[in-house]
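Two complexes follow with subunit A in common, the first pairing it with subunit B and the second with subunit C.
Presenting the complex of A and B:
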């Protein structure tokens, strides 16, 4: 092969970029799985910190709360954003852009601000004490906008005249939704669900203000920081990363097999057999 | 009592009327075409009949029942869409089964019906395919099958053959008409293709700017156009513009280089500006030796070139005031480019309309 500086520079850039992205994560992974956790090079493999994490009841409660928060937020925001997106797309008119802009605007509010103002709002007007419920509501505000963006890109391509066809052939509006619309747009809904789940699961800025005394993984990790970073924290981070990677892997496999597109379309249609 | 009636149906979009005071009565065994140029409101009218669009004014009656306020799934009509709109996540068989499942038919009858449709539309062997694994013609047949399988009260077809090549289209025209006759239900067929409308329909409604220009048997639409628009839109014609001169039982048109004779037009004033249309195939050709007299309804011309259309030939002629086209069966004397000819036609074949209307 000929010596090509351009190609070498390109490969180097790619390698450096990926190192930059993944080195911290790999470092934490190594640290959580070795005895010499402060400088695991080379690692002395051990599951000690992992088992200490699993024995810690605070972390277990936190994990449970985080999962609950994630699922509730993802379900609520996906359902709401789904309804909003379908409404916007199906009955598109001159005001669609305005409605869309207003739905997406919360994305541009800093999460910390959203957290503080939600805290004040919940306390003053809703009479909500800081607990999981108020945290779910505040996170839904944020995740709704993301879910809407994800679904809008997917539903943009949906041909609403398919619904017309279903109705002409005798399907009620509800039947039309479940037989035609949903089977064709579910990848968009699933994509929105997964992304909002990960966002809520990992969220600290908003949840921190609204959780009250309820521990979640990010808030426990944040609290642990004050007493010095313990190896359990490495283990925790590794576990969280593993969960997220698994979810992403599922999405990736679904996309590769063409089962779902999540808004990304390599070809226009399912490949012919 | 006709089977489908439209009673003053109008549809307004913003300030524009896409459908404007349409009244039609369609019989149970009729094949009706809605023929009109793009944007004339054909699709809108069809969607109103299907219930996909609510008319701003007017009523729709199907089988004697006022369905104006019924949603599409309660009307029992079916539609073949221009874009087919097959369900992409369903196989051919599942697409065909869809209307039957909505009717809650027993399984054995569903299988029977699907088998019937697969047979008449030669779709056997494709049952398991998805729509994107079919050719355009196959998709079109599935769309037609989905329309027929539920034995609807009426079938609405929105330019279903527009995406097919000419040969396949002509084959399908025959097929579609055959199925309509067999089922004995009205077909309302939207097209902007006059050949399609003429080949299949019992009656043709010519649509223009949301209004029905004329609704009449196809031969009448073709042979005796009621307006200049129809004369221009249906068939291919030569147009002459001139001034009308009434002379007792006949009328003459002074079109400058040529004079046209026609039957009297009592509706038109002496001296009115008019446009006259003579269909291409009504123009006959002779050699100058056999027809000297160049008088009314005859003019001297030269063949510019000849377009061969199989059974007939189209002669593009130049004459003193421009060009004209005559199409003649090839069995007649054939001319070739450069030949001098005399073109002539019958007074009965001259359609005359006030020029103001013709210009619109």
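Presenting the complex of A and C:
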């Protein structure tokens, strides 16, 4: 076999980047599960930190709020982005670029600016107290754009002639949507739902300014971080990392085994030309 | 006859939503920036004093220049790392391409606070790097503790995943056979890269660059917990106007400055390339 320096350099970069990304995560994972938490090599296993974290009632309330925030944001932004994607592909016509520019504009505005401007608008101009509802709405703005991008990459191969066929045979638009479109596009919707849920669950920079006195997991972690890093924070980060990893692993297995194809249908690629 | 309800539902509702909760807040920030705050109260008189303060007070100019330098450096480093990674995954990833890319997305999704905590574990005074150095008997590395270098490493760590993902998506829609064709006609791998892969993926690269540059420009968390006394960045100073010091109007003016700068950066970046030459065909249609 021929020696190829280019190939080796590329693969080495991939490996080094992976190490860079995962080394801190693995490190704090080990730190949270061992008694010698600052330098756990070799680790002396202990679940003391984990059980302290799970027994803390502030973290429990925060977890509940974060879950609620995540579910609400994910539902709203997936529904809105689904509608927007279909609208862009089917109904926008020559105005596609205009609508697309508006819909993805939140991507190009930093999260902290979204948070601050929403705070000014709702807190100062409308005189509303910050609560979970205002945090949900502000997060939806940001997550909507991500959901739109995810769905757009999945749905642009969708064959709209299936909808036309249903209409020709007399189905109403609503019935076409629920019996033809939705069963075919649900994997894209699910992917967007999962990603936006995780993003909203972990968001600090938008939620922080709008939550008022409601604690969520990131805001509690931020508050604790100001007084120095404690092993509980390592444990918290490890738990969230593990859950996210598991969700994405399940998603990957579903895609591999073909239970859910997430919008990619090779046979349709040929048919749609 | 086509119903007029569907276009209104699918395009009108998201448009109304975004105007109400995205455009109006940004406009209200603009309005607030020309008012002023006195003893934690908003005084409504229209003048540009906040901008005058920002322009003449040396500290804010320093923060801004430092932020721009930091964001530029971090975005360039991220792009320089992300390209070989994404290119390597597409060329040699085989059937594990998707898994490898998802692996990059996992840390990105776990949120900034938790990742700053992880970074503290890596770079902090009792973190991994210094722990290894000290257990080897060496002195702890001062350059990475509470300095701008630590902030930069932190920001690269935070935004590398999104740049990799964007460039990978761009490469996914790029026809690999063009590279094979170039090689058959005798181009070296380097030449095939610079004359085909790079120009045809410039659009994706720019989006990745922008999605790294904009959050870096207004970074608040990483510099606060990783940067030292000389590490204050503009976004962090802005966040303080809304927290500790309570001068909302000045903070709003800083927000406007950041917003204008971000938009200008995107505009300049996309003006310098000819989109049609980069193979950009619009939104999935020609």
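The criterion applied here is as follows: the second predicted complex is superposed on the first by the 241 of 273 C-alpha atoms of A that agree within 3 Å, B and C clash if a C-alpha of one lies under 4 Å from a C-alpha of the other, contacts with A are read in each partner's own complex, and residues count from 1 in each chain.
Criterion: a residue touches a chain if its C-beta (ideal position, glycine included) is under 8 Å from a C-beta of that chain, and two chains touch if they have at least 3 such contacts.
These numbers were taken from a predicted model, which means no experiment stands behind them.
*Asks:* Look at the residues of subunit A and decide whether subunit B or subunit C touches more of them.
*Replies:* C
*Asks:* One more residue to check, A:144. First (subunit B), second (subunit C), both or neither?
*Replies:* A:144 contacts subunit C only, not subunit B.
*Asks:* Contacts for A:183 in the overlay, against subunit B (first) and subunit C (second): which applies, first, second, both or neither?
*Replies:* Touch partner of A:183: subunit B, not subunit C.
*Asks:* Of the two partner chains, subunit B (first) and subunit C (second), which one does A:52 touch, if any: first, second, both, or neither?
*Replies:* Touch status of A:52: no partner.
*Asks:* Given the touch rule stated above, what does A:164 touch, subunit B (first), subunit C (second), both, or neither?
*Replies:* After superposition on chain A, A:164 lies in contact with subunit B alone.
*Asks:* Is A:204 touching anything from subunit B or subunit C once the two structures are fitted on A? First, second, both or neither.
*Replies:* The answer is second: A:204 touches subunit C but not subunit B.
*Asks:* Which residues of subunit A are in contact with subunit B in one complex and with subunit C in the other?
*Replies:* 173
*Asks:* Which residues of subunit C touch subunit A in their complex?
*Replies:* Interface residues on the subunit C side: 3, 5-7, 9-11, 13-15, 17-18, 21-22, 24-26, 28-29, 32, 42, 81, 84-85, 87-89, 91-92, 98-100, 102-107, 109-122, 124, 126-128, 131, 135, 157, 160-161, 164, 169, 189-190, 210-211, 214-215, 217-218, 220-221, 225, 235, 238-239, 242, 248, 251-252, 255, 258-259, 262-263, 266, 282-285.
*Asks:* Give the list of subunit B residues in touch with subunit A in this complex.
*Replies:* Its residues touching subunit A are 47, 50-52, 71-73, 76-79, 81, 83, 85, 87-89, 98-99, 102-103, 130, 132-133, 146, 150.
*Asks:* Per the contact definition, I'd like the list of subunit A residues that touch subunit C in the complex.
*Replies:* Touch list, subunit A to subunit C: 6-7, 9-11, 13-14, 17-18, 20-25, 27-28, 31, 38-39, 41, 80-81, 83-84, 86-92, 96-97, 99-100, 102-103, 105-114, 116-122, 124-125, 137-138, 140-141, 144, 152-153, 156, 173, 195, 198-199, 201-205, 209, 218, 221-222, 225, 229, 233-234, 236-237, 240-241, 244-245, 248, 251-252, 255.
*Asks:* Per the contact definition, I'd like the list of subunit A residues that touch subunit B in the complex.
*Replies:* 159, 161-162, 164-173, 175, 179-180, 183-184, 269-270, 272-273
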